[in-house]
Amino acid sequence: MNDISAWIAIPAAIFLVAGGLITLIGSIGLLRFEDFKSRIHAPTLGNTFGAMFTLLASILVSFHLADRVFFHEILIIVFLFLTSPVTAMLLMRSYILRLERIDK
Amino acid sequence: MEIIYSLAIGVLAGSGIWLLLRPRTFQVIMGLTLVSYAVNLFIFGMGRLSVGSPPIIEAGTVVDVSNYADPVPQALVLTAIVIGFATTALYLVVLLALRGLSNTDHVDGTEYNS
Amino acid sequence: MPLVLIVVLPFLGSILAAILPHNARNQESWLAGIIALVCAGLVLYTAPAVFSGEVLVQNISWLPSMGVNMTFRMDGFAWLFALLVTVMGALVVLYARYYMDPADPVPRFFSFFLAFMGSMLGVVLSGNVIQLVIFWELTSLSSFMLIAYWHHRQDARRGARMALTVTAAGGFCLLAGMLMIGHIVGSYELGEILASGNLIRNHPWYIPILVLVSLGALTKSAQFPFHFWLPNAMAAPTPVSAYLHSATMVKAGVFILARFWPVLASTDQWFWIIGGAGMSSLLIGAFAATFQQDMKGVLAYSTISHLGLITLLLGMNSDLALIAAIFHMINHAIFKASLFMATGIVDHETGTRDMGILSGLRKLMPITATLAIVAAAAMAGVPLLNGFLSKEMFFSETLFVNQTSYSSYLLPTLAVVASSFSVAYSLRFITQVFFGKPATDLPRKPHDPPRWMLFPSAVLVLLCILIGIFPEQIIGSILQLAATAILGNHIPTYSLAIWHGFNLPLIMSILALVGGIALLYVFKPLFQSYPGQTPVLYHFDGRKTFDAVMNGIDSISYVLLEWFSSKRLQPQVLWIIVITLVVGMLPLLGGDWLQVKQPSSFDPVFAILWIVGGACAIGAAYLAKYNRFRALALSGGAGLITCVTFAWLSAPDLALTQLVVETVTVVLILLGLRWLPRRVIEESQITPLQAFIRRFRDLAIAICGGLGLSALVYIMLTRDKPEGLSSFFLEKALPEGGGNNVVNVILVDFRGFDTYGEISVLGIVAITVYALLRRFRPPQESIHALENRHEIQTIDANGLTDKHSLPKGILLTPNVLGRLMLPVITLISLYFLLRGHNLPGGGFVGGLIFATGIILQYMLSGIHWVETRSRVRPLYWISIGMLIAGSSSMIAWWVDQPFLSAISWDIYLPVIGKLHLSSVIFFDIGVYALVVGATTLMLVALAHQSLRFYRKAPSAEAETNAGTSTQLNFSDRVN
Amino acid sequence: MKKLFFWFPMTAFLLLIWMLLANAISIGQFTLGSILSLALVFASQRLRPLHGHPKKTLTILKLIFMVIVDIAYSNWVVGILILKGKKAHRTPGFINIPLDLRDPHGLAMLSCIITYTPGTVWSGLTEDDYILRLHVLNLKEESEWLYTIKNRYEANLMEIFE
Amino acid sequence: MMGLLDHLPILPVAVPMMAGALMLLLKDSRRKSLTGLAFLSVFIQFSVAVTLLFMTAGSIPNDWNNHIGVYLLGNWVAPFGIVFVVDKLSAVMLVLTIVLGISALIYSTAFWDRVGIHFHPLFQFILMGLNGAFLTGDLFNLFVFFEIFLAASYGLLLHGSGSRRVSSGLHYITVNLIGAFLLLISISLIYGVTGTLNMADLGTKAGMLDAENRKLFETACAILGIAFLVKAAAWPLNFWLPNAYAAACAPVAALFAIMTKVGIYALVRMGSLLLPTGAPAAFGGEWMYAIGLGTLLFGTLGILAEKNTGRLVGYSIIMSSGTLLTALGMPGVTLTGPSLFYLISSVLTTGAFFMLVELIKRTESFGSNVLSVSFEAFGLDEDKTSDYSGDVVGVAIPAAQAFLGLSFFTCAILIACMPPFSGFVAKFALLSSALELTDNNLTGPSMSAWLLVIAMLASGLATVIALGRSGVRLFWNSDTLQTPKLSIREAVPVSVLLLSCIALSIFAGPVMDFLADTASSLDDPYQYINAVITQASNKPIPGGQ
Amino acid sequence: MNLILTWACYFALCCFSLATLCAFIRLLKGATPQDRVLGLDTMYINCMLLILVLGMLYRTSWYFDIALLISLLGFVSSSALSKFLLRGEVIEP
């Protein structure tokens, strides 16, 4: 494997570390928050910047691999963006209904 | 890697077998699911483990067999996954039908009162 | 030629008789009679050859490799019996013509009668011992049907079953014996076997063979201790009894003993087994016959007794005794058949056979009485009748043959005692029925029967007298012939004469006659006080014992079956798993297999992943009973980790497939979960200790299973890989398979047939699921549960109909997004389909993705909404998918290649350029279509259940109309 | 116009995806992608009775930029909240925002933006008067959120879709 | 160049699959087309199977090596691609399957195909699976075909639904799914050890393993053996069978008669191929013998204890499996030919018996009201329109009762192995060959031969007792006996099967010779192995493009 | 330079796997079924990122396809689960 240039490696590494950390923080939040309404916010971190940073790193690396500009990683963000509300909304709604039921 | 892999199969299979021996239909179907994971991993393991070397040949390269994961078990696992999926679906429907007809979710269709 | 005909004709007649009309009594009789006579004629036709000492043999090749051929062999002994069987058959047919009621379904009777005759002739003429066994068993079977002719009567059924059971058991023993004889001799041909007497007698297997053959013969001849079936078989119509129990069926046993006499006899074992059984039967039969109340009962026990006599004679190991035995076989057949006929006439005319009721028939039916009296006298051994002669020979044999100290006194004494009883019952039979004052309370008014019904009996009685007076002239040559056939040419001298001088046998005969009369007087009080009950012996009622044994077998086998099997699933699964564990372990017990050949690395990330995966699995296992939802989510987690593992370990195709399958499975099980009412924690029906033991046992097995699999994998993973198929595939995939992705090339090309099969499985399961769901009946609770759930929701899609294109409230945005996703998902599924050959993907993954897209629409918009708009016809997808896959595989035939060969074309299109089209792509498209169809069909059919039961829930009246129409639409489409 | 070119946005979107996936720009792929996209759009027409008509590409870009910035900010805020754990004084709560946006696609986009942004979750929309119920992780200033949603997102979305 | 004859081996699989797929396009209401298609398909299969049989016997000239046909699927050479191999054993099994299939199909047209939906496609698929399982020369492909016919059998077992079918179906499916897991584990383990999936190749490679790999290989084979034994219904892996078979509707149950024999076929095939390298314990030898003896005794017990006629036939299937396993477990090749004869006879008999039992049941209690059983799941209104509309249940032919009685009698004789039909021939041949193995001391093969003889005779007697009892009970006991409505379509297949048993007994000589040939070629697996492996060098490898 | 990237990848892998672990703990502990579904959903995302990083680690592009598929379909099972929680059945009439 030929050596990767520092222009790619260092930013990619930074992105990776950042992405990893953000995602981890998000998931820790999932653990630490005390009720569901707060918890639902936490993993969004991984969904957003966690994913974005990782994908940036991925773009860089695949750019190195084939010496071409690759943007197809952007699709993942698009799909995440389009699909994430579905689950979240349904969950939130069912949680609210659950609370109402318990209140009753 | 290997030790984790094999322990993982063991845990999956163990949980699955435990469930297969339970008397409730839902337990059995979960057991079948878990055992099928274990079996799939088992088949896959028969090609030995290799990391980062999928059996995808780049055009124009000279094929060095040792650089690629064994494709045969992968093909077998694919077939096994499909068949496992099909049978899970069938099993589910049969257990639903049984539940409806016999009013119990015991695998024998009756509750034993002794 | 005639030999085969003799056997075959009756069988042909049997078939012909079976298809004659129901009431064709005369035609049937003519048919049967002519066949019997023709057979008799054929037998007589062979007489010159047989009398000249020739052994006629006819051979038809049947199973030569096993040494079994249809050999028909006629020697003197066989000739005698064949004549007996056919002539007696003809007489009985004539008799039966008048005996049977016009209303009786005679085709069955004559059909089985002829079949029986054929079987009997087959036994007699068999020149191959296996063939002999075949016909032997056929006599058992056809006699079973004959005995049970009046099967509406319980005694007939029971008697038939008993006879069948006993004689079939004997038949199996005989088979075993014959097999052993054949094994020793090296041939199943009778001729060779008869020539190897010394070989067999000196073989270590001699005793088992003797026992087995004896078992066969004794059961058939109703000898002690197997005699009990014969009296019960008296439930048969009297012609049957007359035929079976005088000349044929029971004679088969002694026939075979005589037949194998040269091979098996003249040993001490033979003497004790055969002689002992004969002696016991002789005594017991005679004793029991004295006390019978039923006329046929008397005859039945007397048959036992007389056959015991024959058996005893055969067991005496003396040539003269053998001749006596043969002589008595003939005599017994003649007088016993005649007596049976007489009994039948009495029964027929009076409507009863009870000797307690019958009395003084001499006046009413004089001819019958005369005939019966003569025949009975023959049976009793009165001089000038045939019975006397053979009995005389028997007495002299008991005196002279066996000169060991104790038997020299015991044997003659017992012989005299038995003969006295014989006289007693014969006398009683006659006096009670025909003498005394005429009975008044008979069911019918008796008179002599038609002439032709008396004719057979008369013929036989005439024979009794003729033989009794002119033995040498009438029967001498035949007896000589038969004896020669068994003994060879060195026959001892004997004389068939009425008067041998005043010697010991004569004294014994007189003693027996006097003793018989005395016995009758002694026992007379018993006849009145205990009618029909044999003193002492009634404790050993054969029928009750038999029933008890049968019931015993029944209940013991039932208990054992319960013990050794289970109707429950868990024990079955347990057995399978435990056996697999044990058997799988056995080869490894020798050791030497646990050699780790490669050091294994350790990856913490992988470890963490599998901590999660393993915990998911264990959690799912723990929670599956009461928390199905949680268990499902957890197993989803385990599946996800499996997917990551596949990805990690260089199996992108697997990861993709696992992922999509995982998703679809979760949706599927959720769809099902809706019909499974919540489990309540019920009180355990078993004690906590039992539950604990069971769980502990299962846990132990589960752990063992898991560890075993782990160990196997670990061993394999650390081994070197064998030189296998993979290098071929890797090398050929691109140049010859035309694809970069080797896994896909294997799936659609190298091992395309696996895929072909696998999609068939999917399709089959889908239509099964669909068919099963059409008859689905949900648990009642789950319908109600649905209502409750719908109460909670306040807004939403209840009122969604065609006019609203979007639901309101919470499902609005998911719907918009979901519909936006549909073309995207479809595009991506096509992407995975088309590039599968080169990169991970393929028809299966593509199809599942598309199906998921469709399911998503159902999930977000509801069935009704989707199905009023789209026309997904999953069954057509399945069918067309299969057809595409199949025909793309068959294209190869056009270019003379085998099925499934990849055919490709390169097409040049103006703008796009070179297009590489391959049959493989079509195959993959077929897979895609089928997977889409199958998955959609299963999920949608399941989802449709709630539509079906929606309208049944009273709360959802608004849905009724819409629901019905949709249901119809759907079934139309899916059909 | 609208009716005639209902297929255009979706086809373009699909073609874009196809070209991105194909990873190579060639006439063949373009043709294949176009054919597939068009076919799919027409095939799925009945299942997609509503069509979005995004206009004003510039506004779209502006909106995307704004969203990214907001996401970045929210990431920061939520991250800090998580790290602080119990020490943080969070005041989670619901706020209700009456919406003027009626276009379903616009609403869907709005829900995507809101939910995708850490710290806010769309938790309901009333049936008749379009009042958005929003759950916010750290509800300090209701008006601030109101402003963000109404002005930053809704206004732009209305511009794009209506 | 390949002629038509060269393509024959694939047809028994391709034809039913295409027919089944086509049938899915037709609605169930188009019955004429459906049945026409079904009969066309089975007719083709029958002709193909018979032709193949004659080709393997050498009666039809061919250039096959040792008269063993090899078909390279996808034109990939032997150990790499999947091969179909037609040898005598496969051909015999094919013919047997299709004869049974035709009978069951005729029977089903009486009305069973309308009890539920999609009967005909499922029927074709089960034939496809069975044929494939007999033809394939590849271990994993064997698994796939097992799954195909099992999947179809699930569908057919549940055909008509109803509580009894569903609950016994659940057991059946569970057990077979576990069996599938075992198969997968063992097949992949075999691949992991030897690196091949081709059965012929395996036959050669198994001998080249070093000691420790050999042990793993034996473990794999042991598990494989268990999986096959589950299919073959060996005790104690067969508790599911009586209920499942009794619950299935009659033509399906008849077809199921051959399914246990697939397990036995697989055992024989694997045992034969692994023979030269020392077959592992599971295939042949003492293990199989012991299990077989246990199964035989268990089946006998079941026959004695069982009162329900349907389950009785199930136990008779178990008994025949037990007999076969015991006989095949005996050392040497002498018993193989007779065992195959027994297999053919017992499949035909039990098939006929299952159909017959259904007809006999009608004479009991409610007479021709069979539908009450089959349609017990008819709680749901919308199904009423679809399926059964009383058009063809048939007229009561006057001799119906006599026909039933005679057929029952024949079946009973056949099952009890009493003379004069093929059952007896089989039993005699088995016993006679078993005695060949005996010598004068009671140890080793001699001991097992004696046990076999005793067990077979005892089981025969038990069958006589049990079937005598149930025959008496069924035909002679009840006052309420009704003349059953018997459709000619139901009578014909029963007679066909029984007549083929009779034909089998008449032509026992040539059949036995052929089977002895089969047995000897099984004893010399190099014929098979060479045919498969040399095929690779004979045919030019085409470009594949 | 390879080394830096490799270590970064390992670091990210560790982060993602730990994140998966956290999500799993939420799935296991739950409190409410909604929490469990959320945990599962998060596991999906984390695993997707993990697979992406694996792609970088081994310098191959095909990992991307798996990630793409997870991003596209990962939500289906969790939204099915949440639909079940919300409505009591996944596919309504």
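Read from first to last, the chains carry the letters A, B, C, D, E and F; within each, the first residue is number 1.
Just so we're on the same page, contacts are C-beta pairs under 8 Å (C-beta built on N, C-alpha and C of every residue); 3 or more make two chains touch, one makes a residue touch a chain.
Remember, it's a predicted structure, so these values are computed and weren't measured experimentally.
Taken together, chain D and chain F share the touching chains A, C. Common neighbours of chain B and chain C under the contact rule above are E, F.
Interface comparison, A-C versus A-F: the pair with the greater number of contacting C-beta pairs is A-F.
Put simply, the chain farthest from chain C by mean CA position is D. Central chain (C-alpha centroid nearest the global protein C-alpha centroid): E.
Averaged Cα coordinates give chain A a centre that lies 56 Å from the centre of chain E.
Taking each chain's centre as the average of its CA atoms, chain B and chain F sit 21 Å apart. If you average the Cα atoms of chain C and of chain F, the two centres end up 59 Å apart.
The distance from the centre of chain B to the centre of chain E, each centre being the mean of the chain's C-alpha atoms, comes to 28 Å. Contacts with at least two other chains are made by residues 567, 569, 573, 577, 632, 648, 652, 709, 712, 716, 719, 721, 724-726, 729, 751, 754, 757-758, 761, 764-765, 768, 772, 775-777, 793, 810, 813-814, 817, 820-821, 824, 828, 839-840 of chain C. Of all residues in chain D, those that touch two or more other chains are 17, 21, 108, 111-112, 122, 124. For chain E, the set of residues touching two or more other chains reads 140, 144, 147, 151, 154, 158, 161-162, 166, 170-171, 174, 178, 185, 189, 191-192, 197, 377. Shown are all chain pairs that touch, namely A-C, A-D, A-F, B-C, B-E, B-F, C-D, C-E, C-F.
Across the complex, chain C is touched by residues 1-24, 26-27, 29-31, 33-34, 37-38, 40-42, 44-59, 63, 65, 68-72, 74-79, 81-90, 92-97, 99-101, 103, 105, 107-108, 111-114 of chain B. Of all residues in chain C, only 604-605, 608-609, 611-612, 615-616, 619, 629-630, 632-634, 636-637, 640-641, 643-644, 647-648, 652, 655-656, 659-660, 662-663, 666-667, 670-671, 673-674, 785-786, 789-790, 793, 796-797, 810, 814, 821, 824-825, 828, 832, 839-841, 849, 852, 855-856, 858-859, 862-864, 939-940, 943, 946-947, 950, 959, 962-963, 966 touch chain F in the complex they form.
Those residues of chain F that touch chain A in the complex are listed here as 1-2, 4-5, 7-9, 11-16, 18-20, 22-23, 25-26, 31-32, 34-35, 37-39, 41-42, 45-46, 48-49, 52-53, 55-56, 59, 61, 64, 67-68, 71-72, 74-75, 78-79, 82-83, 85-86. The touching residues of chain A, counted against chain D in their complex, run 22, 25-26, 28-29, 32-33, 37-38, 40-42, 44-45, 47-49, 70-72, 74-75, 80-82, 84-85, 88-89, 92-93, 96. Residues 10, 13-14, 17-18, 21-22, 27-28, 31-32, 36-37, 40-41, 43-44, 46-50, 52, 104-105, 107-108, 111-112, 122, 124-127 of chain D are the ones touching chain C in the complex.
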